[in-house]
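Paired with subunit B in one complex and with subunit C in the other, subunit A is shared by the two complexes that follow.
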Partner chain A sequence: MSILEVKDVQKVFDNRKVLDGVNLTVEKGETMVIMGGSGCGKSTLLKIMIGQLKPGSGEVFIDGEEIVHLNDSEMDRVRLKFGMLYQGGALLNSLTLAQNVALPLTEHTHLDKKIIDIMVKMKLAQVGLAGFEKKMPSELSGGMKKRAALARAIALDPSIVFYDEPGAGLDPIVAAVIDRLIMDLSKKLGMTSVVVTHEMKSAFRIADKMAVLFKGRVIACGAPDEIKNSANPYVQQFIGGSLEAASVSAKDSTEEYIKSLVEGN
Partner chain B sequence: MEFERKSEGDIELVLLKGDMDSHTSPKARDFFAGVLKEENKKLVVDLADVKYISSAGLATLIEVFQKMHRYGGFLKLCGMNDTTRGIFEIAKLDSIFAIYETRDEAVRSFSS
Partner chain C sequence: MREFAGKIGRSAINFTKHTGSVWKIFREVLYWIFIAPFKGQPCKMKYVADQMNLIGIGSVPIVALVNFFFGITLAMLTSYQLKQVGSQELMAGLVGVSFTRELGPFLAAIVVASRVGAAITAEIGTMTVSEEIDALETMALKPIRFLVAPRLIALLIMLPCLTVVANVVGMAGGYVIGRFNLHIDSSFYIKLTFDYMVFKDIWTGLLKSVAFAVMIALIGCYQGLTVRGGAAGVGISTTQSVVQSIIFIIIIDCLFNAWFYFI
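Our next item is the complex of A and B:
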């Protein structure tokens, strides 16, 4: 059984179809990378997959459970199955790293403080931050913040971790360290990773499977080699980073702009 | 989660059965507290029948290790499946714990 399934998901914002029938299947232990240019709908899709946003239509299954129709308290229960690494890390600045990582454990378990303290040390060690327990987020570099946020995301041993642009704002070396962590969690712990990114190098480094989103639709999905050899011109333009790909988006947005002026939307 | 306790000479053997997660590890913690009350110096924990061990389960075993270390005791682990071993590796615990393939090897190691 797939651990994550997105079925015919659609979403419209202000008469603009952001997602237009997205289908996606992620198997247990797999690293799925969702790629696409700005405005292709990948952030909207991520929000729908983690239950932050309801789609206009369609279904999302996490570990066999349909989540679109769940209420807030039911969704909170499902959220324990996954971790989320936000683009900016989203650490609480008033708390130490240890307190940040301990937060989900104190909120969602009845474990003794001594056990939680040991777990926090382990989680920070897993992301290469052993000994940083008492540091405040403001004392850390961007890469360290992201690693600390990852330690918090995996505190409850989730089956799936969602990553929103994990390499954003990091230099290539630090971004590669984050990629290595994602791969380690997947290979050694069997965690499923769903990564939204537009960074090609990182995507091809970590992916077992890739999905390319364009105009709210999955236009290609498969192993990295299949994506590399895709006959779809947009996929080729996108992975090649050519100017033509950018011009496709620019042309589309100009058309939309003109249309909105004409129609007064 | 189930626990079985045996003795082989001065070596205490504990067999764990079932998943060791955040729900069951408090029970395991209570069980080990009882075992360690006697301040046994030699303890082997067999994980052959543990299919899944979470971070809470690992932390419970680390606490056992810490307590034994304080009174001069030795904890040895055995019978890990590949997944459990992977969890130990990624948590960098394979360098802290004495880990053996089988229970016999773990028991014999005390006499070597």
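Our next item is the complex of A and C:
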């Protein structure tokens, strides 16, 4: 059964079509990686999937419920079903790590404070941050911030966790640690993961399924091996990190480059 | 000319748009302060207490300093004028009424708008650019409840308190001139101050401070929540917050004075 479904989603910003009929299906428990170059619409798609942005047209289903037409309070009910790991962590800087992780628990459950304290310790231990409860976010490294933010994202044991560039700005070892956590959540706890990234190594490590976005469209979708063997030249260019393809502006002729500057395309 | 008219038109549209957004925040914050607590969703008193400490206690020294010296200045200027008609002792009442009606609430609000309004915008603005506000929304937590309501409640409580401090300290500044320059006896000076003061002078001043508190909180929070463009955007919004707060304080003050004393 699909837990997340995106149907023909379109989004236009200032007469520029950022998403042009995106279709995507994510099954329960799988890790879907959405890839694409800068400006291809990945972040916009992510914002639409978590209800932060309304699409121009199309539908988004989370756990069978269409979310595009929900009002704010109805959307809040759906938001409890998923967690989100932001690129910079987005921990509340005025709160300690324990308070950050406890926030969704104190606000959305009627659990006793002692139980919440135990749950916070468990969640922080799950991401390898046991003993860091009283630290402030400003005292942590980038990787630790992301792990703490992940502990907060899974505090309510959501069915889906969305990740926005989880490895961005981290060294390869710390990025691998984050990847391991994502895989653990998926394999051991059965959480569905939707990861937006453009880091190939990480993407192929964690993905059960991959989708490649290009100019607001999904140009390839399938298992990592299918993506690796895709006949689409842009997909090959993207995963190979090569300049040798017609779609890259670095290969534009001088005339085309001047035309794009003059016409603002 | 057409360009100028276009500019005016665009400014008017922008002003209407911003006013509409601020009004929306105001309605929402009223819900979280007055209705939500009865539905089992009160504002966190810890956040309110933190803000009261930051906004109120932290502003006492600077409010006192500004009003004390303003009290001295006002006393010197008025006694200089009153000397020409031989009624320098009237200065006590004039300073008292000026502070309770106008200068106390006004100067306290200006100090708080500069100090606290800027801090509110900078803090919320930084949270906006670092996606903390988005994170709150994704956790189904309302930024208005967590960030705006505690600040508004704290300002509604603390700005009238700071106004009382401003009134007392401003009158003390006048007393310094009355006692040491005009050699008026202390008890006589105090009697003169209260002889010319009526209760309306005090409550109208306090009512003004409540309106100023609402304005400072709403502008500060709105500017913070609508920051765009990273650190530079935070700087721009912080400046706008202080400038707009001061302008609106002056306009509201003028309207209140017209209402209380002339209409």
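What we mean here is this: the second predicted complex is superposed on the first by the 244 of 265 C-alpha atoms of A that agree within 3 Å, B and C clash if a C-alpha of one lies under 4 Å from a C-alpha of the other, contacts with A are read in each partner's own complex, and residues count from 1 in each chain.
Rule of thumb we're sticking to: a residue touches a chain if its C-beta (ideal position, glycine included) is under 8 Å from a C-beta of that chain, and two chains touch if they have at least 3 such contacts.
Bear in mind that the values here come from a model prediction, so they are computed numbers and not experimental data.
Student: If subunit A is used to align the two complexes, do subunit B and subunit C fit next to each other or clash?
Tutor: After superposition on subunit A, which the two structures share, subunit B sits beside subunit C with no clash.
Student: Which partner does A:114 contact after superposing on A: first (subunit B), second (subunit C), both, neither?
Tutor: After superposition on chain A, A:114 lies in contact with subunit B alone.
Student: In the overlaid three-chain picture, which partner chain does A:157 touch, first (subunit B) or second (subunit C), both, or neither?
Tutor: So A:157 only meets subunit B here.
Student: Have a look at where A:190 lands relative to subunit B and subunit C in the superposition and call it first, second, both or neither.
Tutor: Only subunit B; A:190 stays clear of subunit C.
Student: Could you look at A:122 and tell me whether it touches subunit B, subunit C, both or neither (first, second, both, neither)?
Tutor: first
Student: What is the contact status of A:3 with respect to subunit B (first) and subunit C (second): first, second, both, or neither?
Tutor: A:3 sits against neither subunit B nor subunit C.
Student: Quick check on the superposed pair: does A:34 touch subunit B, subunit C, both, or neither? Answer first, second, both or neither.
Tutor: neither
Student: Determine, under the contact definition given at the top, whether A:213 touches first (subunit B), second (subunit C), both, or neither.
Tutor: Neither: A:213 stays clear of subunit B and subunit C.
Student: Compute the least Cα distance separating subunit B from subunit C in the superposition and give it as a whole number of Å.
Tutor: 16
Student: Per the contact definition, I'd like the list of subunit A residues that touch subunit C in the complex.
Tutor: 50, 52, 76-77, 79-80, 83-84, 86-88, 90-93, 103-104, 107-108, 149, 152
Student: Which positions of subunit B touch subunit A when the two form their complex?
Tutor: Residue positions touching the partner: 21-22, 25-26, 29, 54-56, 58-60, 62-63, 83, 86-87, 89-93.
Student: Along subunit C, where are the residues that touch subunit A in the complex?
Tutor: Per the stated touch rule, the residues are 126-127, 130-132, 134-141.
Student: Which positions of subunit A touch subunit B when the two form their complex?
Tutor: 109-112, 114-116, 118-119, 122-123, 125-126, 130, 155-157, 184-185, 187-190
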